[in-house]
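Pasting the structures in now, so scroll down.
The two complexes that follow have subunit A in common; it is paired with subunit B in the first and with subunit C in the second.
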Partner chain A sequence: MEIPVIEKGQLPPCPVAADALQGIPRQQTNAGLWHGENWRSFVGELQAAGIEVREDRGSRGIYVTDAGGLAHGLPHGVMLAQDAQQVAMLMMKAQHYRIPVTTRGGGLTTEGEAVAYGGMLLDMTGMCHLLSVDKKALTARVQGGMLWHRLAELLRIDGLDYISAPLNLASSVGGTLGVGGIDVNSARYGCSADQALALQVVTPTGDIVECSDDQNVELFQRVLLGYGQFGIITEATLKIRNYTPMRMHYFFYHSLRAAIDDLMMLDQRGVCDYTGILTLMDKAITLLVGFDTPEREQDFRHIMISRLRGCREKKFALRLLGYYLPRPWRWRQLRFLLRWKQALFPDLLPAHHMQKGVLHDRSAVFSRAVWKHWGHKHMVIPDLAASKEKFITAVERGNAVCKKYFPYYTLYCVGIKLRPEHQPHYELSAIPPDATGWSYGCEFEPILDDERHYSRDYLQSFKNAIYDIGVDMGTSYYRFGGMMKAYIRRALGDAVVDKHLAWKRAADPAMILNRDVIF
Partner chain B sequence: MRNVDVIIVGASLAAAAAAKRLVDAGFETLILERLELPRHKICSGILSPRGYRFLLENFGPLPRAALHDPTWCRGVTFHFPSMVSMPMDFFGGTTPHLHRKYSDYWAIQRSGAEVHDQTSVVALSDKGTHVAVSARRQGGETVEYGARYVIGADGPSSVVRKAIYPQYDKQIPWFFVGQKFHDIIHCPLDHEYFHFWFHPRLGHYTWSHARDGRQIVGVGFKKGDSFHDRHRIVEAYLREKHDVQLQPAAPDHEGCAENFGPSLINRYVFGRGNMLLTGQSTGFLNMIGEGMSCALHSGAIAGEAVVESLCHNQPVQSVYRQMIASEVRRTSDQWNPLMIAFAKPHEADFPAALLALPREDRIKVLRDIWRFVVLYKEFNWGRQIMASSLARLFTGRYPPQRWL
Partner chain C sequence: MPYNRCHGCGLCTLVCPAWQQHGDVRETPKGLARALQYDGKVIAEQAFACVLCGACEPVCPQQIDLIAFMTNLRRRAVRAGYRPEIIKQLRHDLAATQFPQQEIQPDKTLFLPSDPLRRDEFRMRKVTSLLSTQFDLQVLDQEIGAVSAALEAGIDVPLTVLNYFLAPLRDAPLVIVDDGLLLDHLRIWLPQQKFSGLGIILSKLRQIHAWLKPTDLYVIESRAFHNQYRQALPHYHQLQQRTECKLNWDLQRLAIPTARTFTPQVHTGHSPDPLTQLRWMLRFGDVARIVVEDMHDHALLSTLTQKPVIYVAELAQI
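Moving on, here comes the complex of A and B:
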């Protein structure tokens, strides 16, 4: 029998029935393998140009999966990025021979976006240098493969800090700018991609182009939050700031709704520098607030504390006891909560990072806590991003899905300040189109341990159930990686996707760069 | 002797799913199939929405050649002796009516695995570090293979299962399922639905649906009974009670042995040592006999377990058994009376369809179902089902101690 060839980005006609799998486009979402046409000629030309391509199974096997651990794929070869010229040569040859190229920074994608199903894997972590720092203008020029924790270390030498980065600091600057990146201060400063002032990009056809709000504006708009479809970020100029320690407070809630209401109220009033919600199931809900200066903290104490509906730790403990005492069948859950509290909270306020009640430095503390308590071979963090109006319902529905699939899980909610002038950047991204002022994201994260193995199939079913809520409610997704192909059409509609597909075809005629992430 | 990472026995949908996971992860995977591909497969071809979604996500949109006509199925209609009928639509819309000969071949090709067809496995020997596989090609040539792992995805009469547990087949009741094809004179049964009869007089498994301009009349019964006699009874019943007028059956009737029991009573067989079983060879079968969706998912999980074992040096059997627990839970839930009564384990809403009936019809349906269930009394499954159901209620899972 003949298997019809379907061009990338196309939705073929469905021979089943018009209403088959309502809402799910007929599209393969787990990428198919590329079989190696022209591979030898392509590698021969690269090698002739002095570029090393690693083809042994050991070198390729390192990249077999990403942080999500659900998708597996082996590239035909691996290239370590060294400079923009070398990357440009790669793209030029790849375009000529139609070789798929998958870029990878920290490898923290969760749906296989940084996994190569054949073709060339370009490891960007070879380009990991801080090129320059302008202390006066508070900007830094960094290479795309720089990991955030390394950037933090280098900036600290001069008493400086990045503005916002994912809590998981093993992600790369280039990868993060391509997808967004959220931090506990995103409600004040926006996402990480909003901090980029200019980029050096290698286009899919192998040109090296500098772009910003003033120069090659369209490319700048496409590449930031563009899921790696329109170019490879080799360098970025980022806004930075002076380093400040952090003053933290926790408030505890029984009700998700009340905690989210308070989070939104604080964000709108702009009284905190850091805000976020971290929960253990829907039983122990913690609102985290933080401040850069003692003055801001004092203002908050005087004006806001009394308006919050959350309580402090001791009062919450009594309430929790009141809830669990008459419910002995839930004591196992209570034991879990107490065990986690004892393990997690000291790691969020570690003595060796505290001076006079002030936290030094949040990057190290939070990143370590994330890896220690949520680090697992499967990073399962499907999330929903919604407008303020839809957010609570989205979280409650997602919470019900978590309960159905896992005994223990956490939710992490944070606001993202939107910049109206960045609207063109957001169009293809996970920022919901109907959000104004702030968008809110919630990660739904099962607590996995090494004692219980879940199949990838089960974890993917859980993620699909979360994404289906998003499609049903017209919300979106905000993730470390790209989006599943099936969902972007359902979330953003054919018109937006087809418009970007046309741009993609023009920019990348062979459709080789980061295939199967969106198109 | 050819040495590979993994050999999969059988070119089924379960094999395709397992192969997809293994090939994606870069492992050399070889599928051995005793027939020439594309091969014929006896099956209704009605797939659940969950199975369709898996096919779509992993292998892409189905080509037209992989479908029968009508190309879709809207749901299932239950018929009862009291002449109450309950149509139920699948959640999420229609599903494909698979032409197994071509759909299986298509999925196998899309998996990227190497296939040796017309190659029958004749002996398997687990050497501890690898499995030695002897096979015979058509024409009698003997070939030897070696593999780190072997996955048996070769259906209810599994060669791999026989090699691991030679006595197993004698310990479970076997059924015969056969179907005959009729040209249609007049058929009021809705061609968009799969029709199933809860009627003890007709047999353990009685169904009908339209395919390529003909009507299938299918019967299932305990092995040893007469296919033609059983079929005659059902044909007469359809004519008399449902006004289904059919031409005499065409000569291309077909049938095969089926193992209906394991997923009812949580008695699955997952393999031993370096040999895994998956799909229907394990005993996965959804209610109403749909085995394709659990074959796809369990096949993928078998592939994942082997990848996990090869990449992280984990013991494959324990990893597989932990990973497969979710699929066991989902499949066994479909047969669990407590789940059927209080949850929605199926992909069509049986409780809602029941509640939509007038009160007296509801009572008739429940009475008819009970009389139908009594038909299975001789197998002594009742106590095992109730024990499993209670374990599920209190522990949230089905006891793995019952698995082989």
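Moving on, here comes the complex of A and C:
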């Protein structure tokens, strides 16, 4: 039974395609609308095979945009993934009828990569089961639609945890392995994709293939960090670890350069288990460090603290006052800084997650804090990923762009440890080609609220300005998907892109799987 | 906040027992709000998979009143003719509710017990004597089951009934309510009035928490807990630290609901199954005894497990 129409929400009744922005061209996902050729025959065949295709507007409307909220598109139908066989059947038929298929996990992309501009949307969250855990080998086999939060809950039963995942627990394993997945411990363990030991993949032509470093190696290399171009991840074997709570410390800086220097120094020495920088504009720069064990924390206290250029909170507050007191025209900014600090910091160390001074379930804490303090209908988070050598310049240039566009913003920087043996995975990905040892990523995020309204064009032009730095400096992009088509060629060059495009054409003759995202 | 503020973060999905058991986003606040934002229509059955446990509300970064959102959807469905036979019966029960004239003594804390507690003389006596150690107490002799069932099913409570029901509550300095869903509505109906759930008050008493053991699973009543999340969270955290008992908490410190409802007839096959919920609460093992805050949960869990299930007030040695 349908519930009669309530007041309509805010979305326009006719969703616009990604390239419908007036004024500022979207250089990202320039997907054209797909108009539905052969749709009915395709759906008929799926239904005959007992597969449910949801075609009502409500069911499709759930997926009309992603976390970015700037690109809108409506699929012709939605399929909730159940198992690899059903997904394989979908791909076989889709290939035959040339129907675009957009895979979606948590849908937390910000450039419309997980939005379908027509065709079939495959919602992977229907496949959210933990299949097995090997406590000795510390590995877990999960379905591709497994959400990180659910995985953390399930592993905790055995005192285990995943290794690294986005600070955004509603994202999925499959969606993350295709993108990278950066955590505050990535400088120690690498990105989430580096934790994958084996995958079950449904290829664009509908074969179900197991791949790993020893089996179907090429497919493994393409799919990990491959942005869903070369197959749909239906299962993954992940490295996991024993659960540990986190001991956290903050150090405050005035200078981005000094904070980044210290971050890199700590990463290189491997003395911390978690490192990252979070700033409020370029005024309050916080270096966050964390430890899994009291011993590591002790070592850090003894050896490292005195070498850091940052200071503790009280000293920083005094310095900040010293800066702002003679500048009354900046007091508004000071008020903002204080308000934000007061609101945010308790949420990063909430009393109900603390036991004996140690933070438990950090992932749930950070994820909720991220959404509470940065959540907006438009998540505008352009990013850059660079080699160590280029990183500081990239951040400073990005910071200047942020200043030009917004009164209030934050930067979030983390290191990503690179695994030399994973070089083939990195080739067309978030990892910049010239990075060795570590790559560094920075997100540039305006603080948006309901008081100031920015047009979509304005937000888009800000993102373009950040991405242009990447092109200019020859860096990559932290979450990679953000860069998309036009940027990939410009940043990484034709040779690499054409090589991967040729692979894509061979793997996906009708070019239907997550089309227009990269190629 | 209205539902059209939903930006689809999915945090509500993660904690929703209906989603955890059935994996269909259409039945979560995210799915319903996004569908409405786009289309203005949803299917009634999707709104009735929800058991109004309230876990989604405190996690929503947009502070959307998700329980109000869900019950509002149900009201619309009922007005449009959802399951008419069942609704007719529930309306009849509501109309048959008696509102005894009771002299209310001003300045006394009012206690509104749930129907099963009222009927259980022994436990009722325990609860009132415990409460009397803290409050100058008056018990309201009022059946509430039909009102709660109506609210749960999405039936509009007629104004006359509501007036009778609310009249005695208006002047009390504090009303202790033994029903989480009712608590939620009472706060909306009488915004100036002070209310509290029963569970949080009882578990604050030394006579209760002194007897909790590390091998106890203490089952917080999820509706009341989420309704008063800010005050309840530090209290239960402390309770857990002090007694080392296990709580029916998830990683986000939300209460895992038993998923019991007053009106199983209006729910759909996709409503979460209580046995699965109980297994999830018991996932860490090492539980010798289950202590519950709510008499409905007591009745339900006693049928699902061999472990002793005791009502919270029974802990007190008075």
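Everything that follows uses one rule, which is that the second predicted complex is superposed on the first by the 486 of 519 C-alpha atoms of A that agree within 3 Å, B and C clash if a C-alpha of one lies under 4 Å from a C-alpha of the other, contacts with A are read in each partner's own complex, and residues count from 1 in each chain.
Keep this in mind: a contact is a pair of C-beta atoms (placed from the backbone, for glycine too) under 8 Å apart; a residue touches a chain by one contact, two chains touch by 3 or more.
Computed from a predicted model, the values in this text were never measured in an experiment.
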Regarding the shared-chain residue A:M1, is it in contact with subunit B (first), subunit C (second), both, or neither? both
Under the stated touch criterion, which partner chain does A:H76 make contact with: subunit B (first), subunit C (second), both, or neither? neither
Would you sort A:I157 into first (subunit B), second (subunit C), both or neither based on which partner it touches? second
Across subunit A, the partner (subunit B or subunit C) reaching more residues is C
Could you say whether A:G61 touches subunit B, subunit C, both of them, or neither, answering first, second, both or neither? both
Looking at A:S367 after the superposition, I want to know if it touches subunit B, subunit C, both of them or none. Which is it: first, second, both, neither? second
Figure out whether A:H425 sits in contact with subunit B (first) or subunit C (second), or with both, or with neither. neither
Now for A:R247: first (subunit B), second (subunit C), both, or neither, which partner does it touch? neither
Touch test for A:R515: subunit B only (first), subunit C only (second), both, or neither? neither
Which of subunit B and subunit C A:K390 touches, first, second, both or neither: neither
Check: subunit A residues flagged as touching subunit B and also subunit C 1-4, 6, 15, 57, 60-61, 64-65, 74, 377
In the complex with subunit C, residue positions of subunit A that touch it: 1-11, 15, 56-67, 69, 74, 80, 106-108, 123, 125-126, 128, 147, 149-150, 152-153, 156-157, 169-170, 351-353, 355, 361, 363-364, 367-368, 371-372, 375-377, 379
Of all residues in subunit B, which touch subunit A in the complex? 20-21, 23-26, 38, 49, 52-53, 56-67, 71-72, 92-96, 102, 105-106, 109-110, 112, 297, 300-301, 304-305, 307-308, 311-312, 319, 322-324, 326-327
Across the complex, what residues on subunit C touch subunit A? 3-5, 7-11, 13-14, 20, 23-26, 30-31, 33-45, 47, 59, 61-62, 73, 76-77, 80-82, 233-234, 237, 241, 250-253, 283-284
Taking the touch rule as given, give the residues of subunit A at its contact with subunit B in the complex, in rising order. 1-4, 6, 12, 14-17, 19-24, 26-30, 32-33, 35, 57, 60-61, 64-65, 71-74, 117, 377, 452-458, 486
